[in-house]
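These are the structures in question, set out in turn.
Both of the next two complexes hold subunit A, though its partner changes from subunit B to subunit C.
Showing the complex of A and B:
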């Protein structure tokens, strides 16, 4: 079987067509597996109590109410939201500065003790002492009940650092040498050459850090005592699990919980489209060494 | 020269006298204006414990300020979310930062560990000066909280028990006729009428420590019990316990028992009941008003009737007696245990404190309009619960709240009070195993509980027969040297 297209003769066998259809069907099912739960979350969050009490989870809207979202906005959400924004932005900034600088240093071929440094960094991915030693370190550094405890101890993610280092290792040496011959300082090389050509990986790693800091729950609970400093995740988790308590009289309906979930997703959903175009290429490039 | 000596002697005497007087001064620190100085205390309790469960930090601060004013303390509140409370507390305790006052959950299991690790301060002397507590708490319940004869905590709530709640509309619709204390056979026969009708006849939570409600009618005990002679025995491995498990497995097999019970949270069973997906469930005695109000909210209004206990073949029974759940401890490192006790007395054992804990601060959490209580919008939107149920959990009893509840609550309250009183007449057995009596028991308690839950769930689900379940259990019992453990307990 053949057909002509744009002046080129293309052959599509029956097997190929079957494969294409099966492929499309498979991808459709995978997309649905992701989209339907998301849709259920959104529709349930907008459904009235009476519908949710009857159905549990709702896929086809049977009445819409924004009551749950109103509740969230009036529930101290904004102060926790502000805390989350402060922690996420400052943590991501610190993380990015340290990751870029360290990634660049580790990408240098003539770095003294490079092998040891890499092994030392990788070891932290495998060896984890647990929360109590971690707590003691943070406590002895005097960071308990301070946002520094959420920013400093987790400033560098080993995984992100390796991605950054691999990407920077793949930048042609000739480019850096040319800049050096032109009289560019080491910092100048980093800021004028390396960072501009590393935008894809920087965008991807920024997204990783942002999501990770935004979703941080455990460290906030462990290191922060003052509830006015709690971030959004802690407040929302409490609102969700309030009804699970044996003695609580909180409402057990799902629509409020779903609305809370939507609210936590929003910042990442807003950020993602701006970074998406760099995101995939960043991951791909970071994983391949020239 | 002589004058110089006399002057020196006078000065020396003056200094000595002043030192002597200084030594006689009261221990209490006073500020320059003579007022008693505020003592700094840390207080760890979950986020929902600060004024009607409101989780808004500003509202929590209002409650904190109020307690500080009333007890003349400077509190540092640590209020982790409910779901992470135990994790946070464990980290604080293990790292040596023991809060002056802290709440321990499931105290009858955990208080031994807390005391043996030296986290808690013995309260024997402190309790002598706390008639506010001793006049309200039954000494038997304080005995539960003693380790090696020394009191380690005081209860936060009154003894709790669970009963079965039934929807009246389904009973009428399907002709279910059950008394408040039916026999196990009557319960089976009548609930069978609801099976296959598109509703769950009886829903149960995933927490198998609720099973004693079904063990009590058969004279069985879910765990290590105490026999007539006061000897400890393995309650789970008795013919009565086998009979109880067979009965529950039959309820499950005949679709009376919730087929998805292993995934049910407490919130799930409540929602299933008030929304009409289930006809009955097991829950605390103070849930009447909650169920009626919630069912109204979701257009599934009905009356709810209690089953206090099931009567077994030999007439035995009893509700699910949880006795003591949450308790309040004072840190072994506290520099101001008396002051910590004062805070406990105020917040948990005075009417004013309990009102503050259950409702929060007037004009911040709630307001009174025309004699009726009305939640403030900000509180209402942060998980605030302005309900009477909470009051029923605390020791100080209220006859006058100083306001009226909403019309529905006022109407339902007398019935709720009757139910509370009646539920307390049907308490099932509850035994305490003192810590330190058996090393094997202290070591294996957690594994033992897990194992009996695991075997019970397998038998109920029908994945193994009762005999197979007990074969597995006996092998486990040998592995933990169960007989030796009982010997240690009984000696």
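Showing the complex of A and C:
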């Protein structure tokens, strides 16, 4: 064993260098595979009609114009954009209130029926009734065609709830006991101690909810029939996939299409650096191991 | 005798005491329990009521004015319907390919990233690779429609410059499943990688130092220190992936067009069209119930396998 490894150690000095460079090159190509499509989308959305008519899609900028975006501001896509923002903000608010409150209650060390409650919640991550029974419940509540159908039925993500609960149960008990002795009410403890201490997780969970509500496509298609209430995701789907000819057509609309796409991606792109921070710091890890 | 009665009396006292303790605890926790009410109600309404609603699988809901219990008739219809078998077959093929690539690729990428010595590049790669995970399927689908467009897409331009004929990937029955698997990888492999990277960052450096002292080379450290430390994460990710693998839905719903329905209609989209567009709710629920049962069998099987090979199960 030792003979073998000392052998490899001597050998690595050259072999390792080759590996290091090949590895770096490979991983660079992997990240380009992610980045180049995004660049094509952004650059094409900023290209003038003449360039797009000649090139189709553009990776290297040849003239920049914001015309496509001004077109969007004047079109029906703008109201869909507004709808998306309204739905995203209101559903994230509802989600956060429910998640913080329930997470806090579940984080209590000696909560009555705690074991059962956790099973009750976690079981729903595995057991899934399917889309039709879920649709019937929402329909029977009279939420069809109302934004309530996009806000309430998807309000809690069990995954985010567990994240919240885990973080809040790691708050030192002494901190909470001291407040209790000082005569602070349970709600007072939540607002004055637990929430301020839990800002990192609250920020992280808010970001996750925002992105998932913004990206919601399925429920809009299911629950909203009134096309004036459609969100941007639905309109982008229509624009790109409406007909088979739409996918293939060599139209000069490419830059406009890509501009709509940028509008659909932009909140995610803006929030991404913040989301990224929480991932790297390992906040997600606890939940995954849960 | 007397000792016996005292024991009984003591037991009674203990009981009483614990009951009053419970009452006190209940009284003290009342505000907390009130805070729990909205959340619990939400779970009952939106998670547990639909499970009861799955009983619709045993009724003729949707086809007749009066709903009646019809036993296993929907399932009999299911197993004799070519539409169902086609969807089942497509689901198995697409899910199997997804699993085949999605399971090992992130592990390999994470190990390679861990070996990367150029710190700046490492940070850059870590920053970029999982951006797509946060895009909706509509955006991912639109990006693929753009890349694969027959005349202008970058992929077909490369094919044409090499002298080949352009391929209409998004509407070609021979290619569409590969497009689904490819776009799934593009969106989620980076994210899978980051999960392992996060685990690797928690490995105790002393383990590597000890391995170095023992004369282990780079590869040996990777194989005997890094990889074993990923065991429980691998088991968890495998289980979560398997639990969802048959439920592939939104991606297909967004990306498929009529000419590729026959190769990409999966169980979930089949149930969706039968139930919501054709109004055949009892039948559609039977399809979802079938999917749920097969998923449960897969999860239990996968847990057994991971117990056997990785030495730990999740459930």
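We adopt the following convention: the second predicted complex is superposed on the first by the 204 of 290 C-alpha atoms of A that agree within 3 Å, B and C clash if a C-alpha of one lies under 4 Å from a C-alpha of the other, contacts with A are read in each partner's own complex, and residues count from 1 in each chain.
Following the convention adopted for this analysis, a contact is a pair of C-beta atoms (placed from the backbone, for glycine too) under 8 Å apart; a residue touches a chain by one contact, two chains touch by 3 or more.
All of these numbers come straight from a predicted model, not from anything done at the bench.
Contacts of A:53 after superposition: subunit B is touched, whereas subunit C is not reached. In the superposed model, more residues of subunit A are touched by C than by the other of subunit B and subunit C. In the superposition on chain A, A:108 makes contact with subunit C only, while subunit B stays out of contact range. In the superposition on chain A, contact is made by A:136 with both subunit B and subunit C. By the touch criterion defined above, A:222 lies against subunit B and subunit C together after alignment on the C-alpha atoms of chain A.
With both structures placed on the common chain, the touch criterion links A:167 to neither subunit B nor subunit C. Of the two partner chains placed by superposition, A:147 touches none, neither subunit B nor subunit C. In the superposition on chain A, contact is made by A:276 with subunit C only, not with subunit B.
With both structures placed on the common chain, the touch criterion links A:241 to subunit B and to subunit C. Where the contact sets of subunit A with subunit B and with subunit C meet, they give residues 56, 131-132, 135-136, 218, 221-222, 234, 237, 241, 243-244, 247-248, 250. On the side of subunit B, the complex with subunit A involves touching residues 47-48, 53, 55-61, 76-84, 87-88, 91, 94-95, 97, 157, 160, 265-268, 270-271, 274-275, 277, 284, 290, 294, 297-300, 325, 377-378, 381-383, 385, 387, 389-390, 393.
Listed in rising order, the residues of subunit C touching subunit A in the complex are 22, 25-26, 29, 31-33, 35-36, 38-40, 42-43, 45-54, 56, 109, 112-113, 115-118, 121, 124-132, 134-139, 141-143, 145-147, 149-154, 157, 168, 170-171, 186, 190, 194-195, 198-199, 201-202, 214-220, 232-233, 236-237, 243, 247, 249-250, 253-255, 257-259, 268, 271-272, 275-276, 281, 284-285, 287-289, 291-292, 296, 299.
For subunit A in complex with subunit C, the touching residues are 1-2, 5-6, 8-9, 12, 16, 19-20, 23-24, 26-28, 30-31, 33-38, 40-41, 55-57, 59, 98, 101-102, 104-106, 108, 110-112, 117, 120-121, 124, 126-137, 141, 152-153, 155-156, 161, 185-187, 190, 211, 214-218, 221-222, 233-234, 236-237, 240-241, 243-244, 247-248, 250, 254, 257-258, 261, 264-265, 268-269, 271-272, 275-276, 279-280, 282, 284-285, 288-289.
For subunit A in complex with subunit B, the touching residues are 49-50, 52-54, 56, 70-76, 79-80, 131-132, 135-136, 139, 218, 221-222, 225-228, 230, 234-235, 237-239, 241-253.
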